[in-house]
Structures are given as structure tokens and as C-alpha cells.
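Below are two complexes that have chain A in common, paired first with chain B and then with chain C.
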Partner chain A sequence: MTTEHASSLRPAAVLAAQRGWWRLLPLVALALLPLVAPPFWRSLTLEVLALAIFAMSLDVLIGYTGLVSFGHAAFLGFGAYAAAFTTERVSENLLVVLPICLASVALYAVVVGFLALRTSGISFLMLTLAFSQMLFGLAIRWSRVTGGSDGLSVARPHIGLGAWQVPLGPDLDLYYLVLAAFAASWWLLSRLVASPFGHTLRGIKENAQRMQALGYRTRRFELAAFVVAAVFAGLAGMLLAMHNRYVSPDTFAWTTSGQGIIMVIVGGAGTLVGPILGALLVHLLESVGSSATESWRLIMGVVFVLFVLFAPKGIIGILRRLRRSKESPRA
Partner chain B sequence: MTLDTFVIQLTNGLVFSLLLFLIAAGLSLIFGLMDVVNLSHGAFYLLGAYVGLSITRWTGSFWLALLFSPLLVAVIGLVVERFLLRQLYRRGHLDQVLCTFGVGLILADVMRSVWGSYVESVAIPAPLDGQIVIGGLPFPVYRLAVIVFGLLIALGLWLLIERTLVGAMIRAGVNDAQMASALGINIPRLFALVFAGGTALAALGGVAASPILNIYQGLDSEILILALVVVVIGGLGTLQGAFWASLIVGMADVFGKALLPEFSVFVTYAIMAGVLLVRPQGLFRREQTRLA
Partner chain C sequence: MTNDDYSSALTRRRFLRAVLAGSALVGAGALLNSCGAPSAGTSAPATANTTPLKIGLLVPSSDIYAVLGASITQGMQIAFAQVGNEAGGRPIEIISEDEGTKPDLALQKARKLVEQDQVALVAGVVSSGVANALRDYFHDGQKLLVLANAGANALARKAKSPYIFRASFSNWQSNWQMGTWAAANIGKRAMLSAPDYAAGKEMLSAFRNSFEAAGGEVVQVQLTPFPNIGDPAPFMAQIRDAAADFVYAFYSGAASVAFVKAYSDFGLAQTVPLAGVGFLVEQDVLPQLASAALNIRSALHWAAPLDNPENKAFTTAYQKLTNQQPNVFAVQGYDAARLIIEGVNAVQGDVSQQDILLKALGAATFASPRGPFKLDPNTNNPINPCYVREVRQAGSAYTNVVIAMLEAAGDPGDDSKDTPVA
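Presenting the complex of A and B:
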């Protein structure tokens, strides 16, 4: 029994180490990319990285906790508007802006999560949708504060510690900031989902009643997951706002939440790599496809429906199936 | 707010409420039977409005549009149910919800390419385009007609569910689809019927609303969200809940816009949040018999 256990442990550990090294390669490539790629592709990559943070955070809810939120854009937009307000009224120092943004998103997420998690399943989906739509309406109507449908401009921040000040100049610095945020988010979230907390979330997804019977206060875990996901979405929103130097109510639109879901489902829910691939695919389709064809939304809708029908586990699911069918004849 | 404007706003609120009811009733019926929130419901509403617009332009008759647009949209609903949703019955309901979201995206883009992104409006049809004066106040006839029409549809739906064999089958399916199936009720056919009926109601709302509200791209999501709020407040899958919640949301929307223009969105959502705090299952939802 023990030997079996040990022998099954070692390859896993080796594999994990290999995988860990393997994971660094794309990051190195991403770090080198702006040195060779033209500005258009650099800016595109930056957007994909920020959207990947958004998609990963949504997957913590959908793929790991089993909470399908249709209003995750609320936190993306909240982070973006918080960045606009803070840079205009408080400080343009990133070390001030970042904590204010994330803390305010977390606070808002506690309130929304508390209300929305009183329900589950489809009611939860509709409630999160309604709350994001509330912010959308507010962003449009309360124009004295939010700039209405014109939106708000966002100043590009600097990093300052006392006398030491680093301006975040043109795109290159911001690119590395986003890349660092992406790497940190990926690392933190992969630690999170591998932790006992992450396993508890998966337990809730599989069978919430059993987890309750085991003594877990599932609602608290769900709320914690909701707030964590919101904070990372807020981070993505803040970064995107700084990149665009602009934030508009469209960030709150339910189609933004829907696009997040498409990224997660098409990439592969319940993994972190999946949403990253999904963000890449959806954003490429949107930015490259929209210049090539009028009907890129139609293509996205058809692709999404096909995935839901035939490959509900997304690209990652397809890759796993391919790998398994390659391995099984030999075994 | 003077009494006169109050009465006029009240009428507008009623009109809007009953239009909302037409849409929310379909959403609620589909949910009650199939446990699926149809996220393409707003798209079916807008499709109904656009198809109605085209029929009105081709034939010159709004009444033909009111009759045929819901029928055409119901056929599309049938196709969606038969070829997409039915493939997903064995998987979770969430896959079906996601599928309807995709269908909504596709429909929205098709509508954009067919009807363009202009704001369209439909003229009020001939015998109803006047005003009548009641107690010194002028009321547009069409709006009063919408109120009567909405109430008639509500009554008709109630009779259909409560007093007919089909209604009894639907109620049985809502309570326990497996048991109903064991008793010889053809559940897939019932699902198809209700899905088509629900989309037809959405389209009917779209045509009836088109002389009052404009038709434009993006209206689909606005309508969907309002209908979702209605069914959340009323309780998913209850017809009665959809009716009373439509009144609440419709009135809150109209009076909110008149009294607190900047925060009118808040009024509706505050009501929703309040209801959820007290009764998370909605105002009218009971544990067992959810419909009617």
C-alpha cells in the first residue's frame, strides 16, 4: 500500500516539476515579444493577457465552484471605473491606485455576492446578470459622475515610492506591467485551486449538500470564491482602462460577461490554461475578425454553440481526448 | 406630480407592464417546464418586431404582422428546440442556457445584417391611431387597446393552463416530467410546444410594442434583462408571479423615470434585491406546483 503510494507520488512530482518549467517558456516568449513584434500585435497581446486574467477569474466561479455568473463584467467595469476615479481624484501613483481599485471591487463583490448567493443555479445566473446590468444603467444615466455614454478618460499612472518615481511611459512599460500581473494572477490562482480551499470549492461544485453534511459552510466558501474572482476581474479591468486610457459603459454590457463565458467554455472550464486559450481565440476573432468581416459575432456565436453541443469541455477537453486516444493503443 | 400627469403615467405604466407580461410569461412558461432560462428570449422579441415591421411594409397591414410574425418566430423557436436544445436534454440545464445565449448572439447578428442598425418605428394602425378623452384627459387609443389585449392574453393563458387538457399536461410536466412521461404524455413534444409558444409570446410582444417603443439593435438585451427581473421577482415558472411582477416592474420603470431620472434603474433593482432578501424564491413560487 505504502510503496504503491510512494511510486505513484514520484512521477507526479516529477511531472509537476517538468510542467512548472514548461510553463515558464510562454512567459519568456511573451516577455521577448514586444522587442520583435510591431505595436499592433504588442497591444493585441496586452489585451489578450488582461482578458486572460478576466477569463481565469471567471473560471474560478464556473469551472471550479460551479457558480455560473452572467455578470462578471460588473467587476471588470468596476475596476476600470475605480481606476478612472482614483487617477483623477486621488493619485496617479499605481501603488495607491491598485489597492484602492482592488479593495473597492472586493467590497462591492461582498455585497453582490451576499445577495446573489442566497440563490443558486439559474437564479444566481440571473441575479449576477441583473446586478451588472444595474451598473451598466448607472454608468449611462448618472452622467454627472460617470460621464454617461461618453465614458471617462483614465490617466496613465506612475509608480512612486517617496522621492523614487518611475513614470509608466508609452506602451512598453504598461505591457510589462500587464505581463507581470498576468504571471502573478496565473501563479496565485493555480496555487489557489490546488490548495485545500480550491479542493473545497470543487467539492461544492460536485455536491454542495454533501459538503454541507461534512460540516463545510458552503455559502462562505462560495462568497470567498466570488470575491477572489471579482478582485482578479477588477485587476483586469483596471489594466485595460489604463491601456485604453478610457473607460466606457460598454465594459458593463452583458455581452462582455457573455464573452467571458465564451472564453471559459471554448477554452475549457475547470482549468486555468483553458480560459487563457479562450481569451486568445475570442479576442483574436474580435479584433482581427471584425476588420475582416462584418459578421464576426455570428461566427463567434456559431463556434460557441458548436462547442456547447459537441465539445463541452472546450479546447483543453479536445486536446486531452486526442492525447488519450494516442496513448491508449500502446498501453 | 399633478393628478393629470399621474393618471397619464399610470396608463403608460400599465401599457408597459402588460407588454412586459407578454414577454415574461413566455420566459416563465419555458422555465417552468424545461428548467431553462431562455437567454435568446430578447432576440426572439426583437425578431418578432423586425419581422412584423417587414410584413407591415410589404402588405401595408399591421394586423397581418400581428398574426403572422409570432407564427414565423414560433417556427424558428421550434427549429432551435428540435435541433439544438433537444440534443442537450441529457446534459445539465446550464448547457442549454449557454446554448440559448449562443443562439441569441447568432440571431442578433443576423438581424443586424438583415435590418441594419437604424432606429425603426411602426405607425399606429388605422382604427386605433386616435385619442379618446376620458374625464378631460386625452388617452391614445392604441395604448388602451394594448392594455385590453394584454389582459385578454393573460386571461387566455390562465384558462389554457388551468382549464384545458394541454394545460393539464403542461402542469403535470412541470410537477414531474418523468412521471408525466410514464403516464403516456409525450414530454419532448410538450417541450417543443411550450418553447415555440413562449417564443411566439415574445414575438407577439415585439409586434404589439413596435408602434410605442422604437425598434433598434440592442433592444433585445434590454428587454431580456427586464423580463429576467420580472421572473426573478415573481418567482421562476409561475404565471401569476409573472403577471404581478410585470405590474411592479412596469410601474417602477415608468414612475422611476419620471421622478428620479438618474436613478430609475436603481428603483427596479432595489425592488428585486429587496424581494430576494425576503423571499429568495420570488413572490409567487411555491415548492411543488410552480405554474399558474
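Presenting the complex of A and C:
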């Protein structure tokens, strides 16, 4: 704790040099990965990165604001369907698709958040679930628009700026797009939770009444956090839809929301990095584990129970405990 | 305390450790994999023709479609066993993956089969949703996919692909022929019932179009919740109140058991005859339905008691393998495997000659348990016979006796003959 405090007093230049260098390392590793890994592992990593954006966005709600949403898949799916509609009807240019997707998700999140945030706790959980189930039902039944249970195919977009056109043809381009989106999301969200705004959210999580007494209009902050989380989930949904070139109502299923929560809890809520690792673990279990054994759901369940019982702070909690026990002799 | 909390997300050290651990995990996976790949490559001798021919099998082994997946797998096993597990001089090696019910996950499994296991082709696929999700991946990647169930009309129409072959049916088939037949032989006023999802609507639409063209009238269309019908009582009441000459329904698996049993329990079977597309009373649900299914007439591209040598041989082999009666899904699996064998034989095991392989698959004809098997070159969809069957009791068992044989038909290949009306 004291060393952290001291480091924040170091000259900014030193800090920036150190931080910048270290922080780029895992990203460089991820950037080099396609050169060594076969295509299947590349697409698996791509999925993990997109799901990590989804898990991080949920962490902003669960870990930082104390809002347990059980319907976060609604925004993942909304982003995916928005991508399908926009690429089919408006433009296949990513510079057009991206803002339309994110803006429409934000708009929808404002409406849902406005209604759902009038409640808290279990009612909030049930309301968010209800909203996501509503979209699930809509996606299945409004088949003329959504393709029903057959889903919709999504065109792979290009990047175009006037005469400058870059097709996102082979999977490799999309991998780097997702990697860039992941890096940007991580950076933005970590700036956000470290900002005064982020501190306010934590204050609301710890004691909302006290924050109100201090003069904070807590619901506005909650709504802002809700919309931000939704936008990043929508981004993840859009990227996954472009990767799969397909969306189905399944994206809205409550199991997707549940898996998001598992990613956050297993990774470590309120850490941002934890949910990234949670996404990695859960997705590898689901994809690689299900190839190995049919009882992979049982394994996932056991892993989840073990984490909740013995490591409630998740993977990050374990890593921290390890570090503390290593440092304690010195202290 | 507060300081620790505030800095918890952002400290460089924590982030570094966590992400390094993460990337190490990913890297380790990649490393493991890249170690695996060359060893597989070196084990392949120069004489390529005797190396195993890898076939990816993507069928559900969990969730609601597990029974269908097992039937398809067993049907394929029988076909491969008949040729000594060899095609084009190469031993056949099956690599199975669980299709599950989620299209995203199934797509990932298909990627794994194609990119990691490097299978020559992927076969199976029960769910239309999954088939739609796979379509672009196989079409754009020019990889071969042989469908053993998934009936979405689009796969023979606007989403058809020269790389995708279907050994099963399109949702339009059987229903279309049955519409004309029902208007002449069952009644003029029909009530339609199906689960509210794409396949249900496609089946009812095909029936309705030909039924109305033949002078029939649809009094009501009933769409029930999918995948679980829930409490069937309100739907039965609706059927009773509609006072139609007969009910035409599509249900399959557990939903069919729920619907047909309720239909009998509510006493409707005596007053309003029930008809439908064959899955309603197929062999996989018939033992559970028992007397509730009696006298139900249905149309399908196969029937258990069909009197042809291939069907008899297939039934015997299937009973020997599983101690059960075969069902239409097993037949589709069998035909999918037969189709694959024909194609691979045509290129003598050299599946890299894709042009010849594609042509051979499209032109393949053989005697199937369902009758002569032939693909429509325009759609890569089979031209299916259509049998009208009626459930009768034979001893203690129930079976679908063929009472009429309608003209064989392929999918029309576009939506012009088939306006969606349900």
C-alpha cells in the first residue's frame, strides 16, 4: 500500500514510461499471437477478447456500482442485431455501423435504465432479466424483421473514408479490430473507474444513502454507469456478430447473462482485469471443455461453487493473497 | 483502506500480473497446439491415399435434440460399416462434436473441426438455426457441409450454396403434397397448429398454400410457445371451438408427445381428426404416444414398414445395433453417409479435387430406405418421395402404415410458390 502511494508521487515522465511499457506487453503478445497460433486458436482468442469487453462492462455495474444486472445479454444481443440491421439496410462501412450500433444501444439502455433503476436489489435483477427476455421473445416472434429462430446473417464490414477503402476480409483483420476494441475498452473503462465519476460509483455501492446525504443524485450516476456498461456490451455484441457473421435470438438468452455474471464473479468483481480472466476461463471451459467431455457444465458449476465458497474475490483475489503472503515477510 | 480500494483497479503491478497470467494461458494453449500440429503433419506419409479420411460429425449429444443426434449417428455408422469403414480406398475416421442448441457455439465447433482437426467435410446438423449460422462460414470458406436434418427452406433457396448438400428434406416438402391430398381426402376446413418458430411457420405455410389452391379453407392458425408448449389446455379449447373438419399440425419430439396426448385426453381425437407432417407421429415418439396416436394421418419422406430391400436391410441392421426401431432421422443419417461415400469414391479418396467431388455429390443416386435417392441439381436438396401414413396397431406395437404415395418433389428453389401465410 505504501509503495503504491509512493509510486504515485514519482515524476510523471518516469511513471508514463514504466506504465506504458509494461502495459503494452500483453497487448504485444496478443498482437503476435496470430503469427504463431493456428486459425482456430486465433478465433477462440478473438471470442475471449470480445467476451472480455462484455464481462468488463458488466463489472462496471456489479463490481463498481453494486447493481447486479441479470439481463446484460440484452445489450450484447442488441448490439449484434443492430449490426445485422445496419449492415443490411444502411451501410457496410464500419465507420457508419459502429456509431449507429453504439448510439442505438445507448438509447435503449437509457429507457431500460430509467425504468429499472427505480428499483434496486432483487427487483432490479428481475426487471433487467424481464427486459432481456422481452427482446428474446421479440427476436423469436417478430420473424419478418429478426429472422425468428433462424436468425440473421451479418455482412462483414469494411472501413471506408472517402476514397480510402479497407476491406475487413480475412479473419486476421477482424482479429486486430477486436484486439484494438479490447485495448480501447480496457483503457477507457479503467480511466473511467479511476476517475471521480468512478469513485462516486463506488461510494454508491458502499452506501447510497450517505452519497445522497452528501448531495449526489445517485440515480443519475447509476443511469450513467448503466448506459456506459450497455454501450460496451453492445460493442462486444457487434464484434461477435461480425466474427460469426450471424446473430440468433440465443444471444439474448438469460444463460448468456448468467455466464457474464460467472465471468465477473470468478474473475473477481470490481477489478476489471478479473472479468477478463473470468471470460478466458469460462469461454475456454465452454469451448474446449465441451469438446473433451459432455459434463462440462458440471465442471463449470463446480468451479463456480468452489470460487464462491473459497475465493469470493475471484482469480484476482487469489493472486492478491499470493502477493500479500509473499510480501508479508518484508513488512 | 479507501486508498487501497481506489487504486485496486489500476495498479500497474496487479494489472501486469493478471494479464501476464492470462496471456501466458493463451500462449500456452497456442504453444501446445503448435506443438501438436507438426507431429500430425509428420505422421502423414507421402502416400496420401491410405491416410484416414477425417469426417467431422456435428450432431447434438446434449439437450433436447440428443435423441435425434444419436439416431443420425447410428444411421451413419450403419452406412459406413456396410463399406467396411472405407471410402475411396481410405479408412474413415469420425470426429464428433456436440452441436448443442446454441448456434454460436455450434459454429465454433465447426471451426474447430475444419481448422484444428482438418476434416475433409462436416456432416450432421439437426437445428435449422445452427445450419443458418454455419452457412456463411462454409460457403465463403469453400468447405463441404452435408446436412442430415436441418430443414430451413432458405438453405435450398436464397441461402443455397454449392458447398452445402442436404440429405434430409426442406420444410416445404411433404407439407406441400399433403395440402392437396388433405383437401381431397380429409376435409375442406382445416385448423393449423405448430410451435411458434421458423420451421413451424414454414411447414404450415407450405401446407396452407397447396391446401387453399385445392379449394380448402383454413379457419384458424394456432401458434404455440416454442420449445415447450406449456399447458396445452387453452390450445385444446381453441381447437374445440374452431369446429374445423380436421387439424393439421407440426410438432416433434417432446412437444409432439405433449400435443398429441393432450389432443387425445381432451376427447378431440374422436370428433376432429388429427393430421400432420410425419414428425408428429414418427417412430421416435410413437412408443410414448401409443393409442393416443391411433388413426393419425401424416406425410413424410419415409415410413417404417416401407417394402423395399434397402429399408428391410437397414431396419435389420439398425435393430441389431440399437435394439430399437429405426426412425426417419436415422434414415437421414444413413443417406448422408451414403452420399458422402459416393462422393469420396468418385475422387478415389482425393478430396482436394473439390470440383469433381462437388459434381459427384450433386449427381449421386442410390437406392435408399426412403426409395430412390436423388438430389435436385438446382438446390442440392433431395427430390423426396412423399408417403401418406396412418398410425395403426400391429400386435402390441404401433406403426405408420403407408396408405398413399404422392408425387415426389424437390424444393421449388425460390419463394415464388410459397408465400408465408402462417
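Assume the second predicted complex is superposed on the first by the 310 of 331 C-alpha atoms of A that agree within 3 Å, B and C clash if a C-alpha of one lies under 4 Å from a C-alpha of the other, contacts with A are read in each partner's own complex, and residues count from 1 in each chain.
Basically, contacts are C-beta pairs under 8 Å (C-beta built on N, C-alpha and C of every residue); 3 or more make two chains touch, one makes a residue touch a chain.
All values reported here derive from a predicted model rather than from experimental measurement.
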{"item": "Which superposed partner A:207 touches (first chain B, second chain C, both, neither)", "value": "neither"}
{"item": "Partner chain in contact with A:195 - chain B first, chain C second, else both or neither", "value": "neither"}
{"item": "First, second, both or neither for A:294, with chain B first and chain C second", "value": "both"}
{"item": "Touched partner set for A:240, first chain B, second chain C, both or neither", "value": "second"}
{"item": "Touching partner for A:308 - first (chain B), second (chain C), both, neither", "value": "first"}
{"item": "Chain B versus chain C as contact partner of A:261, first or second or both or neither", "value": "first"}
{"item": "Chain touching more of chain A, residue-wise (chain B, chain C)", "value": "C"}
{"item": "Which of chain B and chain C A:68 touches, first, second, both or neither", "value": "first"}
{"item": "First (chain B), second (chain C), both or neither touched by A:141", "value": "both"}
{"item": "Contacts of A:123 with chain B and chain C, given as first, second, both or neither", "value": "first"}
{"item": "Overlap of the chain B and chain C footprints on chain A, listed as residue numbers", "value": "141, 143, 253, 294"}
{"item": "Sites on chain A touched by chain C in the complex", "value": "1, 4-5, 7-8, 18-19, 22-23, 25-26, 29-30, 33, 36-41, 43-45, 47-48, 140-141, 143, 147-151, 153, 190, 193-194, 198-199, 202, 240, 244-246, 248, 250-251, 253, 270-274, 276-277, 280, 284, 286-287, 290-291, 294, 315-316, 319-320, 323"}
{"item": "Chain A partner contacts - residues on chain C that touch it in the complex", "value": "3-23, 25-27, 29-31, 33-34, 37, 61-62, 97-98, 100-105, 107-109, 111-112, 115-116, 128-129, 132-133, 135-137, 140, 152, 154, 159, 196-199, 201, 226"}
{"item": "Parts of chain A lying in touch with chain B, wherever the complex brings them together", "value": "68, 70, 115, 118-119, 121-123, 125-127, 129-131, 133-134, 137-138, 141-144, 253-255, 258, 261, 265, 294-295, 297-298, 300-302, 304-305, 308-309, 312"}
{"item": "Chain B residues touching chain A - in the complex, by the definition given at the top", "value": "31, 35, 37, 39, 84, 87-88, 91, 93-95, 97-99, 101-106, 108-110, 112-113, 221, 225, 228-229, 231-232, 236, 261-266, 269, 272-273, 276-277, 280-281"}
